[in-house]
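In the two assemblies presented below, subunit A is common to both, partnered first by subunit B and then by subunit C.
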Partner chain A sequence: MGSYSSTEEETLDDFGESGVDDLVVSLYQMDLDRTLFLLRSYLRLRLQKIEKYMMHISKSEDLLSRLSQQEQRFAKSCTEMMEKHLEQSVLSKLPYGYDSVTRQSLSSTEDDMGIPFDLIIIPEPQLDTFVFCKTKSDVGAFQLDDIGEEVVDLVADDLYVLRYKSIKGLVESGQIDLI
Partner chain B sequence: MYGRRASQLLKEVDSCEAGQLVPFNSDVFDQVIRECNEHNTQFQSLIRKMVEQNLDIETTRNDDHYGAAVHHLSLLRNKRCLMAYMYNRAEVIQSFRWKIGPVLPHEIQEKLHFSEKEYFKNHSAAIKSYMSEMDIDLTVDMVPPKDPYIQVRVLEDIGEVSLGDHSISLTKNSLHFLRRTDTEQFISQSLCENQRTYAVSAVKFWISDMELVRKHNQADSKQEW
Partner chain C sequence: MAGQSDPHLSIFSPSEVEFVAEDEIVEIVPNIRMEALNMICGDFGPFFPQIASKVPLWLAVALKKRGKCTIRTPDWMTIDSDCLIAYLSVLLLYIFMVLDAERESPKEFQPLPFHYIEISKLLFDHARDDISDAYLVRSLIEDIRDVRFHKVETGLETISGRTHAVKLKNLSAMEVNIVRPFMVRTLQAFYKHDSPQMIQQADNTGSRPTPVTDRGPRRDLRRR
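Let's look at the complex of A and B:
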């Protein structure tokens, strides 16, 4: 897409020099503007997602590998900055043992005085929400939960509202489209 | 009641409209921090008492044990609340970078904790370095473009601005018909106002205006509409 927009920019420059009809130039300009808008929105949305789940993303190698080099750097510096911010505003003022970003307290991984503490502070994407999706091909009987109580027959080109978590695998393998 | 003050902070964040920010409540914030330290002192002294009585801290279940547990849990709850308070504010603050720009107006600056100001600056810098690596400005073009040209009214004196091949003086309250991409940076800083947003009923005016500009352009470029 980046290369498409730069080719178009060149075309536009050529037009400007060779005196092509104004209408054609402005049509090209509009197309270029729209392409650039799409490109920017795409990159912007990705950055905003990284901002939202920075700690969750930087924890997982799998998620990190989906980012571009520049995005990885962005995610890394974002996480560092957020940690630094939380560190200097809250954690540095708390007593020793309670001043970790990711752990509730020093003892929180152990069974702490009979009370288990493994509450997670890191915000994670909500995978249980329902999404609209459209099947590309016949999937057949598909199990929606772990125990096999909910089974749905996915027919090609049909619309469904399902929990994202259960169809995650199908989305990744390209058998189903999100709408 | 333990933990009430901390939850007050969160209620403040929650009752605020999405994307808006209330002033940083340093009074309650400091009180909660003090409460945390108080809990810790109590917790430590209860543990010490149990040690002095030669009891095994791991297995004993007496009054002191549950007392300590209450202090410990209250501290954790306070910590969660404080972290959530800061984190949710930080999320709003970083959204300002997209909505307002790299420089925050004075009204917003006043509402921030010093660490939050720093965070905003660092975060802007991270976005900036990403944009320079990718060689694309992501802070313009926030709405889908409809026309390559738009009419704008200047809200504040901007002065002489060079736009591609010519320069133009943007004085307060003047109307201009410009390439959208050229004006975008001023619109996001709210120095210009996009006239089209409220000029729906004035389409005719809009078209005649466009012709006027075209005629004006014809003089030097000999191009016809």
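Let's look at the complex of A and C:
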């Protein structure tokens, strides 16, 4: 990405020198600026997400593999810094058993329903939330929950508000676009 | 409501939506000769005087600002010229038809381009002189916008605890953006309080601490 836009920039410089029409140069410059703006917003958004869910991401190999090398480095150093900070400011002053970054307390690893407490401390993306999406092709009757109570008929090129969790597969296979 | 309170992750600003709309293709009639442009976003041209050519909206506006072209008004923004004289009585205009149809059907949205608000705004700002009957078209588009938005608002009232999916055929980008925060939070709140787990918790209040209130509802509990 970086190398592509810098080649474009060099081409623009060449244009300026070789006396190509100013209008054309300025149009190419606008095209380049728009592309860079888009790429920067995209990267910034990814970094925001990493910062928010760094603990969650660094726990899972699958999620880590979706990041670029630079992003992985960022996530790692971010997590380390956060852990160090929590350790120094609070955790080191707490009694034994309550001094873990990822766990509320050592003795109660699970609540009485068998759900581990770790989940509560580490911020995770909320996949249960609702999203706006547009279908690309006909999907047909689609089941939203596990037990088949909620079924929607997804028609091509229509706009829906659905729970992300239930359409995750469709998003990943490219049948539906988030908007 | 953790995860939703951060506005940066889920909401676009109106100018960002406009940025996206600037990639929509419009037709221009250049008044200069220009070589083809091979851009990152695609190849356009070559351009010859008086011969129409298709370019993205941002390029059209840039050329228009420099006085190098006129922008052809998209079909959906035109008023049929044959009936121009009688336009107030006969209403045979495309845009009039949209407005009429919009008022007739209270639940549905009429098909309009996904970015109709942004495109019309950009064209009115930069290419006003290329639009015939600009004043009338502008007030009609504003009317359409109001009628449609009223529908969105009435639609919001029908959301209830049993709403697991909402279908919004033909809703446009800007309308989506405006309604997104309300819609998502409403659905989310209903979904959360409707979940069997929440109901069960309300039954035996006090018998057990509830450390999981801010976690997503777990549908699988319903099987019992």
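Note that in this section the second predicted complex is superposed on the first by the 165 of 179 C-alpha atoms of A that agree within 3 Å, B and C clash if a C-alpha of one lies under 4 Å from a C-alpha of the other, contacts with A are read in each partner's own complex, and residues count from 1 in each chain.
Rule of thumb we're sticking to: a residue touches a chain if its C-beta (ideal position, glycine included) is under 8 Å from a C-beta of that chain, and two chains touch if they have at least 3 such contacts.
Values in this document were obtained by computation on a predicted structure and should not be read as measured data.
Touch test for A:49: subunit B only (first), subunit C only (second), both, or neither?
Touch status of A:49: second partner only.
Would you check which partner chain A:145 touches, where first means subunit B only, second means subunit C only, and both and neither mean what they say?
second
Report for A:30: first if it touches subunit B alone, second if subunit C alone, otherwise both or neither.
Both subunit B and subunit C are touched by A:30.
Kindly classify A:126 by the partners it touches after superposition: subunit B alone (first), subunit C alone (second), both, or neither?
second
Can A:8 be said to touch subunit B (first), subunit C (second), both, or neither?
second
Applying the touch criterion given at the start, work out whether A:158 contacts subunit B, subunit C, both or neither, answering first, second, both or neither.
The answer is second: A:158 touches subunit C but not subunit B.
Which partner does A:177 reach: the first (subunit B), the second (subunit C), both, or neither?
Touch status of A:177: no partner.
Now for A:95: first (subunit B), second (subunit C), both, or neither, which partner does it touch?
In the superposition, A:95 contacts subunit B only.
Can you list the residues of subunit A that meet both subunit B and subunit C?
21, 23, 26, 30, 34, 37, 41, 48, 52, 112, 115, 117, 119, 123
Within the complex, which stretch of subunit A touches subunit B?
Per the touch definition, subunit A meets subunit B at residues 2, 19, 21-23, 26, 29-30, 33-34, 36-37, 39-41, 43-44, 47-48, 51-52, 70-71, 73-74, 77-78, 81-82, 84-86, 88-90, 93-95, 98, 104-105, 108, 112-115, 117, 119, 121, 123.
Considering only the defined contacts, which subunit C positions touch subunit A in the complex?
Per the stated touch rule, the residues are 2-4, 6, 8-9, 16, 19, 22, 34-35, 37, 39-41, 58-59, 62-63, 66, 68, 164-171, 173, 176, 180, 183-184, 187-188, 191, 208, 211-212, 215-217, 219-220, 222-223.
Give the list of subunit A residues in touch with subunit C in this complex.
8, 21, 23-24, 26-28, 30-32, 34-35, 37, 41, 45, 48-49, 52, 111-112, 115, 117, 119-120, 123, 125-132, 144-147, 150, 152, 158-163, 179
Can you name the residues of subunit B that touch subunit A in the complex?
33, 36-37, 40, 61, 65, 68-69, 72-73, 75-76, 79-80, 82-83, 86-87, 90-91, 94, 98, 113, 115-116, 118-119, 122-123, 126-127, 129-130, 133-134, 136-138, 140-141, 144-145, 147-149, 179-181, 223-225
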